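We just call them A, B, C and D in the order they show up, numbering each chain from 1.
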Amino acid sequence: MDNYSDKPQHECGVFGISSRMPNEAARQTFFGLFALQHRGQEAAGIAVSDGERMALHKGQGLVNQVFSEDVISQLEGKLAIGHTRYSTTGSSSLENVQPMQFNTKHGPVALAHNGNLVNAAELRKELLDQGMGLVSSTDTEVMLAMLARAKGAGFIKKISNCMPKWIGAYSIVILTLDGIFAARDPWGLRPLTIGSLSQGGYAVASETGALQVIGCHSIREVNPGEVIDLHNSALIVNQALPVKQPQAKCTFEHIYFSRPDSIWDGKVVHQVRRRLGEQVAKEFPIEADVVVPVPDSSIPAALGYAVESQIPYDIGLLKNRYIGRTFIQPSESSRKKGVDMKYSPIDQVLSGQRVILIDDSIVRGTTAKRLVKLIREAGAKEVHFCITCPPIIAPCFMGVDMSTPEELIASNFGIEEIKELLGADSLNYISLEGMMTAINSIEGYCNACFTGTYPFEVNQSNTKYQFESSKNTDGQC
Amino acid sequence: MDNYSDKPQHECGVFGISSRMPNEAARQTFFGLFALQHRGQEAAGIAVSDGERMALHKGQGLVNQVFSEDVISQLEGKLAIGHTRYSTTGSSSLENVQPMQFNTKHGPVALAHNGNLVNAAELRKELLDQGMGLVSSTDTEVMLAMLARAKGAGFIKKISNCMPKWIGAYSIVILTLDGIFAARDPWGLRPLTIGSLSQGGYAVASETGALQVIGCHSIREVNPGEVIDLHNSALIVNQALPVKQPQAKCTFEHIYFSRPDSIWDGKVVHQVRRRLGEQVAKEFPIEADVVVPVPDSSIPAALGYAVESQIPYDIGLLKNRYIGRTFIQPSESSRKKGVDMKYSPIDQVLSGQRVILIDDSIVRGTTAKRLVKLIREAGAKEVHFCITCPPIIAPCFMGVDMSTPEELIASNFGIEEIKELLGADSLNYISLEGMMTAINSIEGYCNACFTGTYPFEVNQSNTKYQFESSKNTDGQC
Amino acid sequence: MDNYSDKPQHECGVFGISSRMPNEAARQTFFGLFALQHRGQEAAGIAVSDGERMALHKGQGLVNQVFSEDVISQLEGKLAIGHTRYSTTGSSSLENVQPMQFNTKHGPVALAHNGNLVNAAELRKELLDQGMGLVSSTDTEVMLAMLARAKGAGFIKKISNCMPKWIGAYSIVILTLDGIFAARDPWGLRPLTIGSLSQGGYAVASETGALQVIGCHSIREVNPGEVIDLHNSALIVNQALPVKQPQAKCTFEHIYFSRPDSIWDGKVVHQVRRRLGEQVAKEFPIEADVVVPVPDSSIPAALGYAVESQIPYDIGLLKNRYIGRTFIQPSESSRKKGVDMKYSPIDQVLSGQRVILIDDSIVRGTTAKRLVKLIREAGAKEVHFCITCPPIIAPCFMGVDMSTPEELIASNFGIEEIKELLGADSLNYISLEGMMTAINSIEGYCNACFTGTYPFEVNQSNTKYQFESSKNTDGQC
Amino acid sequence: MDNYSDKPQHECGVFGISSRMPNEAARQTFFGLFALQHRGQEAAGIAVSDGERMALHKGQGLVNQVFSEDVISQLEGKLAIGHTRYSTTGSSSLENVQPMQFNTKHGPVALAHNGNLVNAAELRKELLDQGMGLVSSTDTEVMLAMLARAKGAGFIKKISNCMPKWIGAYSIVILTLDGIFAARDPWGLRPLTIGSLSQGGYAVASETGALQVIGCHSIREVNPGEVIDLHNSALIVNQALPVKQPQAKCTFEHIYFSRPDSIWDGKVVHQVRRRLGEQVAKEFPIEADVVVPVPDSSIPAALGYAVESQIPYDIGLLKNRYIGRTFIQPSESSRKKGVDMKYSPIDQVLSGQRVILIDDSIVRGTTAKRLVKLIREAGAKEVHFCITCPPIIAPCFMGVDMSTPEELIASNFGIEEIKELLGADSLNYISLEGMMTAINSIEGYCNACFTGTYPFEVNQSNTKYQFESSKNTDGQC
């Protein structure tokens, strides 16, 4: 979202609703997407059906910018799905914005997807070889095209029949003229939860926070490998594929992606983050004067560290809320002075102090280096950098943009070297075991970005921009 | 284009170029489309290939609004096609703007189309039944999808193999990574001409005017039923289907659609229009004081009438050039006075005169009625309305939006009744024979809108908005 | 308006209305400005008063773009004035768009102005020396500031008291909370006419065409030197200054500026232009085959020439209606071929012919040269260029942008040289006397641009951009 | 800024710079304004001088939206001032956006203002009575107009001569062709600080945070009553008026307005806020389980309360970062459930807990009521609401929009009643004395909003929209 970000890029949010209230579906979807805005700020879309017709509105920008009261009012129907997306490029790639819609022999079908198929290229080639024309180069369109020709009576069957061919991460919602369907890959890589609406009907979303915001109760996860028909009077479920053992839930949802108030794998994310901070304090008992978070995502971990270590917690860095996409370049003289537009230090909190700085992750290291410099210039005597995840050494192929191995600082340098590069007095990554302890799990999580071991075979040459003959980008999401 | 228009709606323009000059193709296409702007003001697009990649830019608005120097500069390559379109609705139907592009097993393919297939619904159903997903409801996508799976080595063959299945009007240009192709239906309904560039290479366009504007010479028509590969060193041609006998060239290109400087069926349109005016003068020798055209399209006919009748020609009506799409409603009092925002009379030309008013056509009759009132209020003693085409009694299914039979005034009333409705002193439609004499042809033209006899069987229930399950409109063009 | 234009720049239009109908004033003003659009396409504004409050809306663009139904509906009141403007630069100079409004001790006052004061710099200095702050550098603000402090009870008096100090061209309309006023300079340089509304009340406009469009009758000119209060039940008039003898009405209103249907100095402009063509034919009886106008403004003159000379009139040049402000550069190869985006020749009208080309004026000569080349390349045997005004040798300081003396071709070259530069076979400017004969006047007109003799002393160093210390431009209008 | 806000509206920020680096002034001003964005999100502007010309760019929106790299690059010169504004209405009131610029006999002068003159209406009337015309109804224009005619050689003198007539709050920066000046009212109501640039030259800003961001050092306040010429080699100062005793610095800068890292009256705002929390804890020792801040402004106070009370601090409310200006209305069913788009509770932090909720202020009480409801619905057993300022009972006339007395909940109800209205278990406002203790001052502050006692006589009928005859609003800032 902003030029200065050195975080794994957020990875899309999906939402679906089967409501009993006439014409409320698109409005509720808007609020659901709004609550999932942190998962993708680049584009958004809503598809809606009133049983007779399907309508679709999508555009680039924040949910709030893409949808106006006027647009929402015109999206009539009881069934809707939506999507927020982290990355599209160029005006012509509006085609890549989701939901994607196809007219098929079964009528119009729309699909929104969070994840990434690692065998998308093979599946796509198969479709093209069969004489199919495809408008984009996304795995989302591949899934939609396979559904259009899938065997089986009804969409539960069709989806179930496709799933064995899909290798990778996918949490999807599907809209037809008269139904909403949700499905999740058998590894359980990306979250997907379902809740019931107080006025009847169901909603499904990437995070529980988006269900709470529209007033859902009795929320449960969509099981790995499960397909669900959100019929408005009942959930019809089918375990299309057995749950893979071990499962491979994304650890980074706890570390950074999810809202603090969301529940992922049965755990409140805010609490997990506090425990991650506590665990770091246990692993690295540092003598210091103040514990300072890198706002906002590391605040719970810093609180945890402070309580565990008995070192006072304070706010030492302010984050500018108004940083947007494009940005005026600072003049040379400002740059030399280490002036920063995104973070401002509070000198009086930091000056003369031994500072423990808590951050959730380091990807390329660019921001981390700037922060250490900033804190030192504010007068800190020592800067101890604590990270609530292990070193990131491998890219993600399951729907997260983690940069390339060449860019990953921990893929290229040892911890001691990184410490030197950042200019910190110490650099303290939580251990893999410690992290899993804080999460309260021993297995069932995908830690590929820390270990390089993927839950399935991955062709690492499948980079993001693989379909070169047309400029439309491959939207990995 | 404007709210007051009572003309058959213009019907899209296509353009293609295979240039020898690096990176000039998109620029030349821009100028070609600019010269075809009168055929469609609603949307425009250009697809370009540099041999390695295809890029596409399209949007709603005038060619001048959709393309900036910046955009044109980025569309690199020697091969390009373009399209201007007369009608799209809603932001989501950007998908319907042409050229339309597909990724296929043969690489990316883009297509731009002027015309309308009367069997599009049947062809579309066939594709859907085969498990295909389609993003729009246009016949253009149907053609593209059929090409993606067509048999035959090379695109000349593929296009040739599809053409027997396409019933209706089509003048198309097709872009692949390494070639430009053009084809025209065997009836020759819509124009399509080809010219050679002075620096080598070829261009193809809906009208000769667009070829002249980029400096083409030795221009000829694409034959009905012909497929052409615009190889940059030579034209490779294939007569895919025999020319239908009789041909069915659109008369309305002469009457109204084409630029006056274009050559259609070997005749300069401006001269045809003068002769149409002369012919009306021969058929209806009226005693009057002044011949006045309805600007702009009827000016040549009025000149022809004046010369033939020896009655002075003058400008009695001004057309406001700044009328745009949306318009403030006049107040009640202005409306009562017959004040008109599009046309202003010059009272001193009309006052006390017996006026012969020349127009090219009457569709619904709304504008004609306003004009008669305006001219009378300017003081004319008599208003004799002369029309350079016969009464329009039937809709067009070959790519022109002529309104529905219910709206066509001549489909519902006799000439005498129309005269009364318009308030004219006489109403004089050219005869069908007289019109053909002025065109210098006896047969080979489609006059279905005047006769109700179509060149092939037409299912009249195939209205414009036939694919109801999704709100994307059927772009008949 | 367009990049290719080589005409004197149009020079603003003003409109005012005192209506008896509640809330109709802004709407009528919109239509009035719409009819004056040819006098300025760069910006537009309307100020309205309901007796209690004054509201103002203005913006850059066409009248149609600046005002929407929504905006017009919110401009409530029975009194309104409006302005269309030919030139503003930069976003910050929205301040220069008219009407300009001041809050004064007499309440809010708004003013719209067509013309130019030649002593604006002196008047402005006086105001500044008195400690006044001014936001723009326009003479319009100078006039407004002088009115704010003018002596006299009521605005008729105030305006009358200011007029002796204003040297130059001004046709102004003034809005206060409870009145509309109009005034015209004593030379009568710029037009200003007044009409009564059928439902009671009055309107005033730069041209009669704008009064007709809203249904006015009994139209008369505002006299030179006259101030009028458009009280809604009667016109209250004051001859503030005696009419200067001789008057100095702008000849160019006949030649080029005004709408053909407007009446200027009692003459219908269309008819004057026909007579100008006839006069040229009398002065220059050329042997030729066809008379061709440069569209659109020269069409009446070409008709006049054709009738007088008995040489057939025909359309040999088409003007592209879609040329806008910014424009893609043609490629080198197109430019060499003399391809033109604004004008297209009809070869069949011109080829092998001796052509008489009629244009109303030549300023810099750039367009004229292109047109001769275009017509020759279309095959004309001879090109005889006839101009319905004498050579323009001096700039205008009375509200028209005629280019600088350095740019005026006739200020630098003799007729024979110009003929050579243009590449014409003959070049035939109407004589000054002939022009006045065609206008039906011997004196009372300003011909300064043809003679260099101004109606009052002019400081020629007062160029358009004289107030250098701030970047806001001096909007001469 | 957002529809849900129940805070005193922020009150504009000003910035000025006299740089030694060519063409860096506008860029530095951009970054200064960016750091002052929290003081006004509605509009922004920068005026710049290169010694020869003054240029001005302003617009509605965030600093980041109003200025692009392109715009900044064109604003050349070593001298610049800027402004961010909290409120403007309607497109036509772009005139009210600051800096405001006048051309005067001393050349162009621009002024940016934070504050409000309580005698603006009287001063304005004086100017109008002298025959002045004013384009807006702001006190800023009044100040500028008075400067244009002020006596005295040089602007230090002119400003000094005007200051005795200005009653109210003003921190102003003034740009002339060759100088930057700053001045502050003798009560010291609004902040204004000055710093020296490392490369030479000076900058002045509403907050120290904006000076730090561009790398200033040796920062001091502009004294109350002082005028400063920021000559680039030295500060030239003049104590135009004696400092009023007691001073009247705005308490709310500590409570809520200023950035936590800014220094106001010699105190770091973050630390003052911590002490305010500590003080509340001392005054109200509540038995509870968790201390929760209303994010973001109350976080330091909550930390202070937690440390002082030894009750754990935690994050119980999340604030949505993407809330913008316009907002889709939630459906009825969502609204009933107390679902909130701006704040989300973390149930697991609040459920079953006795919660101390810390907020900095209550204005109308609407947000406070929603928050108590939200926290109760999350399962809190008790909600104790603590406020770090006393009850707000009187509007501010010194540049802050505090709502009208009718809307102020504490102006209409006692504390016990408010507690009931909010539904809290207890409601605990800090005492006035306690607040001043936390600020470390006994006097020198304006507490009019808590006491109703203003530092000078205030005509309470001088409401925000007092100049009724023109729709331009009075921009109190």
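FYI, a contact is a pair of C-beta atoms (placed from the backbone, for glycine too) under 8 Å apart; a residue touches a chain by one contact, two chains touch by 3 or more.
Just so it is clear, the structure is predicted and the values come from calculations on it, not from any experiment.
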Inset, instruction - Determine the set of chains touching chain A that also touch chain B. - result: none
Inset, instruction - Tell me which chain's centre, taken as the mean of its C-alpha atoms, is farthest from chain D. - result: B
Inset, instruction - Averaging only over C-alpha atoms, locate the centres of chain B and chain C and give their separation in whole Å. - result: 36
Inset, instruction - Take the average of all CA coordinates in chain C, do the same for chain D, and state the distance between these two points in whole angstrom. - result: 49
Legend entry - Separation of chain A from chain C, taking each centre as the mean of its C-alpha atoms, in whole Å: 61
Inset, instruction - Spell out, as numbers or ranges, the residues of chain A touching 2 or more other chains. - result: none
Legend entry - Which chain pairs touch, all of them: A-B, A-D, B-C, C-D
Legend entry - chain D-facing residues of chain A, complex: 21, 24, 27-28, 30-31, 34-35, 37-38, 41, 62-65, 67-69, 72, 197-199, 209, 212-215, 259-261, 268, 270-271, 299-300, 303, 307, 312-315, 318, 320-324, 326-331, 333-334, 337, 339, 341, 344-349
Legend entry - Residues on chain D engaged by chain C in the complex (per definition of touch): 52-59, 91-92, 94-95, 101-105, 107-109, 125, 128-137, 144-145, 147-149, 177, 467-471
